[in-house]
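Heads up, the next two complexes both have subunit A, just with different partners, subunit B and then subunit C.
Up next is the complex of A and B:
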């Protein structure tokens, strides 16, 4: 990977990318970030003049779906651009170096770019048994993570693992996997949740940080507002059917064929913040709902522990009883109603008998 | 029983009528007057508006969670879910604004208007009232005591199951509403903290739904207790929430 002092523009020109394509990329990215047309110029200027930002990309307990998503950005240019834009100094999955050579890069970056590099984390650290459930380079991942985070300027949490915990943190969470903000406490963390996050969202976030030299605006949960401020439901193309009251009732019914709303099939669109319904996936080809399957809410905290993906009303696990709000509430109301009836009966009998006594 | 309310003109006239026989007006007035004005007009209005809002909210809320059977034809021909949600949100606003107004009324209203907003847990007399009322409901007491406002057991029940749950429903309700209004809306600014407690709004939906069942349970007990007390206790109940006047059936002390 390149020397970090050259600019991004130097690198792409060397790679044979025309200025025209470069400007197109800037416009496209500015648009996808929801910035004004002037931002494209600003972006181009930044990428021409600023030194590339060194990025350390670490992998904890994860499935690499974030990396897979990242290298499949929609615009054919984007993945090249991004990979050149940042000086991706370390990414054990896609880097050429291996073993001691690779580990040496970590030391070098930590020293040379103290307080300047970005730490991108895919996956999360398990804490049980002193972190022995995830060993990376001979050390528990949690130690390596804390070590590298100490001198980073900012931390990017890729995907649901780093942001929330994801399936490895599912009950009963035997390895005690925790989201990275539980172990990195003193650095700004930007969460880019999703399982995986959308490629354009990932590249957009990186471009923003590189261009403006700061993290984008974050919401209450630490997610970039530009991509996570609206629900799937808010921009869903099937929303009209929802408002009309037209639902798929079964997977093979008329409604399913006509593309009605998947609300009754447990679609988590109404509770999921992500950009799927606008940016879509695989070069904007489709997204789950468009393919006829409800959203499973993969960018939401705890989505893996909310029972079936196909229930509208969430199953509640309490006292070993699994039921949804209606069943529990209905049972309680029923019992109370029966209790009231019995009480009324006893009251009546008691009153009649005391009357007779008098 | 402490009683600072002066007898109304009407009461004086009635008592005057009675007094014709024994000249009661010249004697000391009895400690327990036959009727006392308890619930002022705004309190009564709030009660019934609130009751209506709860009915509308529960019905529409249920159909938001479990929608009606699907409609056929063009999507543009219908707006059923839209109307149900609109009704729910409107009734929600009525309930929330009503609640705020009702709270503000404690600064203008009589002493009884404040009862719903605190529990006198420091009062030994109140706790003895709780015990007595519990025993009355377990058929261990011959008769209940007389109370001008809520009896202590009803008081606990009102504060914990009606007022607290209403606050919870308003907070979770507006938090969920803010999801549609957007993160820049005042609803999101005022109630977005709910998502700190429950980061995944799916849980907020679930608890909001459970809240409905708590309120339904409250309504069952509330209506039963009102009817039962109206018949069994020493004071009026149902008519009190209509006229505001509480009439006692005897003038014995507790």
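Up next is the complex of A and C:
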């Protein structure tokens, strides 16, 4: 980058963190991302030589659950992300400045870091009423979003709102809220769906980008494969009960107390691609199924409009459930893994984001 | 020119107009415009909600058992409180009783939110209105340590600790990449803390950021995740199993221990960090007495935290219920949320349309038809607003009123109502704090009072968390493991045409959901939320809401740097996604309206 900024390594050394701790951090981060030991070295090198990447975090129609989730990150701590890994120059939810002083930061970033900053988007733009169902600085949010996207190096779509539309886009979608890829057409967009996404998935994606200088491999829907390529059902600790035909039949029944499978209570784990059953939530404490409620499928496109959260995915027999469930999941998996378009997209992304670092 | 509002405020919009948009460090999108006189004192204030999402119309025709998940997504900051309000509304409509353990666990969930939300608000959304981060660079670490140790036993208080932090902070600032602190109002004359207090507060800003992620583990255990834990009509989704096979898949001893440990830490942090900080900061701002607004006059609380399952009477609620009007603390009026003449919403100054806009509508009969139009005196264009015209429609927030009165809701309202009712758990801590600061009780009616009440409530809520977790353990000892009542789980068991209301005290104030259920589907759903009350625009009679009232008569040191405005508005902890979730009953085709 052509600006006088410090590298991540400079900053953490200044902050009194030893080289030894720094290397350990890289190893742990690499391991938590499922990467090889070599990647840890690569990561250390990148962090030693690159300045902190400016991040502009904008809010459209949303509920701020993504920001709240982000600050829950345990590894890395969000404090360290903000102070040492990225430069979060604009985020309405936590920034000190307001009004003109806040708006000025957008202008400055666009100019000073043209083509170098990451645009993170929480929420989405409504298109009805000329975009005026979400007004920011007296203007339609959609205008501001496009304006800031134009000079970004890459765009991160946080959560179900930015990725798919989420609750305000549920039928009949009265404000005509749209996912951001309907209005940002010429930038690589990485979708990190979920309502909200898991905190460590969010920071994992950000640190991956800042570390390797490129977007992670994405599936055809634009989601990072490292966190979204398997169904919750695939790695659910209750899967054994599903296979054995042991189900919760009613809330708080004997099966519920024994931790049986929640499939009959409407669990959407078999069709939901997310990391909940492996990474789990809030530093690995639990996830919805572990706490007795079925998955509501919040990382899937249009999950609000797929009947009740308590409707079973399909009719189910005492045995042979596996086949039924897998047919449902398999159909989705087939789409996701149909790779050609994915790889074309990802290659473009890599070129674009590598260029930024030269 | 000056006018007096029926609720007793003088408005004069002849002076210079100052606009703050976006208002940051809040949830959602808010715009504020004020007029200042030649002495830079605010003489007119205009609060505009600038977003609109439409959750209620989306709910129509859906399964009422799903409504908690939709309404929970109204807000991810006060996550869970809409869901709780929703399951209560549906249970009220369908006459479903929940088990005692479910009531206890729900209270624990709600109190966890209260503590988490208040701490995050104080340190991460509000502190920078009082704390000058850059000034902390010139603090003496030894003096900072002496200050910290003089007010608290919190162990992270050595000179070395503060010196390290200051070094890190200095180098961060010198890096030139200030991140979220960029373009702040550092050095503004309205900052009054000495450098040492600023440094201590910055340390606690970072400690609170680390700790808040642990507090929510209580939600994760009982609700599976945070933000947006899971809820259940009829109880709570988590089953309890202490002895049997498969207990590892349920709430067991290890899970209960984790909850208990987190509660202990919440109590300690609140007592040893939050409250001492609050008192220390307040002691430097005692002379900044602005921001009272409606608080000395009209306040309302629905009450919450029922001691007994299914008993939502004032006697069962541990947070107080009632209304105070015209500053008369000797009378607390009872509330009936089903009475069509009590809670009503008006739209004469909101971007919605009624047949007769001189009248208000009760939420069961609520109508939300948008009508987006700026008044004749607005400046700018339809898609580039320079100034709104408050004599016409100017906000996506409706104007709710209690028997025609604009009221303030939130921690201060709860505290003052509890105080007025003579309840010692509210009166004694308030008297002690005021006594320590050498302030009269009327000092509560201010921006600072609002901020102080939030801290006192956080301390109370942390204590109640311990109480309810102990209550749960006692119940388990007595052999009661029940967490859900499924008698009326199936829609076939429901009457064909019913209505209900549910309420909570969200961290930001009184929250109500009104639902009508017809043939097992939602026929109508309306939410009236805290920021609708506090951020409300004017009503047909000309009464102003709490935000607008609180800004009046405040002097600004430098109007182009609106620190004083932010300070007072943040003291309400605004949540705009909550206040403007509403939507037309028939959906799509919104009237196109010109703003010019």
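Of note:
Assume the second predicted complex is superposed on the first by the 294 of 358 C-alpha atoms of A that agree within 3 Å, B and C clash if a C-alpha of one lies under 4 Å from a C-alpha of the other, contacts with A are read in each partner's own complex, and residues count from 1 in each chain.
In this section, a residue touches a chain if its C-beta (ideal position, glycine included) is under 8 Å from a C-beta of that chain, and two chains touch if they have at least 3 such contacts.
Note that the coordinates shown come from a computational prediction; the quantities given were computed from them, not determined experimentally.
In the superposed pair of complexes, A:220 makes contact with subunit B only, with no contact to subunit C.
With both complexes placed on chain A, subunit A has more residues touched by C than by the other of subunit B and subunit C. In the superposition on chain A, A:61 makes contact with subunit C only, not with subunit B.
Of the two partner chains placed by superposition, only subunit B is touched by A:263; subunit C is not.
In the superposition on chain A, A:195 makes contact with subunit C only, while subunit B stays out of contact range.
In the superposed model, A:302 lies in contact with subunit B only, and not with subunit C. Once the two complexes are laid over each other on the shared chain, residue contacts for A:143 go to subunit C alone; subunit B is not touched. Using the contact criterion defined above for the overlaid structures, shared-chain residue A:234 touches subunit B, although it does not reach subunit C.
Overlap of the subunit B and subunit C interfaces on subunit A comprises residues 260. Residue ranges of subunit A in contact with subunit B, taken from their complex: 164, 219-221, 225, 229-231, 234, 240-249, 254-255, 260, 263-264, 268, 270-271, 297, 300-303, 306, 312-314, 316, 324-326, 328-330, 332-333, 336-337, 340, 343-344, 346-347, 350-351. The touching residues of subunit B, counted against subunit A in their complex, run 65-72, 75-82, 84, 137, 139, 179-180, 182-183, 192, 195-196, 199-203, 205-206, 209-210, 212-214, 216-217, 220-221, 224, 228, 232.
Note for the complex: subunit C touches subunit A at residues 19-29, 31, 50-55, 57-58, 62-63, 65-66, 69-70, 73-77, 79, 120, 124-125, 128, 133, 164, 167-168, 171-172, 175-185, 206, 209-210, 212-214, 216-217, 219-230, 232, 234-241, 244-250, 258, 370, 372, 380, 382-386, 396, 481-484, 486, 489, 560-562, 566, 577, 583-584, 587-588, 590, 592-593, 595.
Here subunit A touches subunit C in the complex through residues 4-6, 10-11, 14-16, 51-52, 54, 59, 61-69, 71-74, 77-79, 82-83, 86-105, 126, 128-141, 143, 166-168, 170-175, 177, 195-196, 199, 237-238, 250-252, 256-260, 276, 281-283, 285-293, 296, 298, 304, 308-310, going by the rule given at the top.
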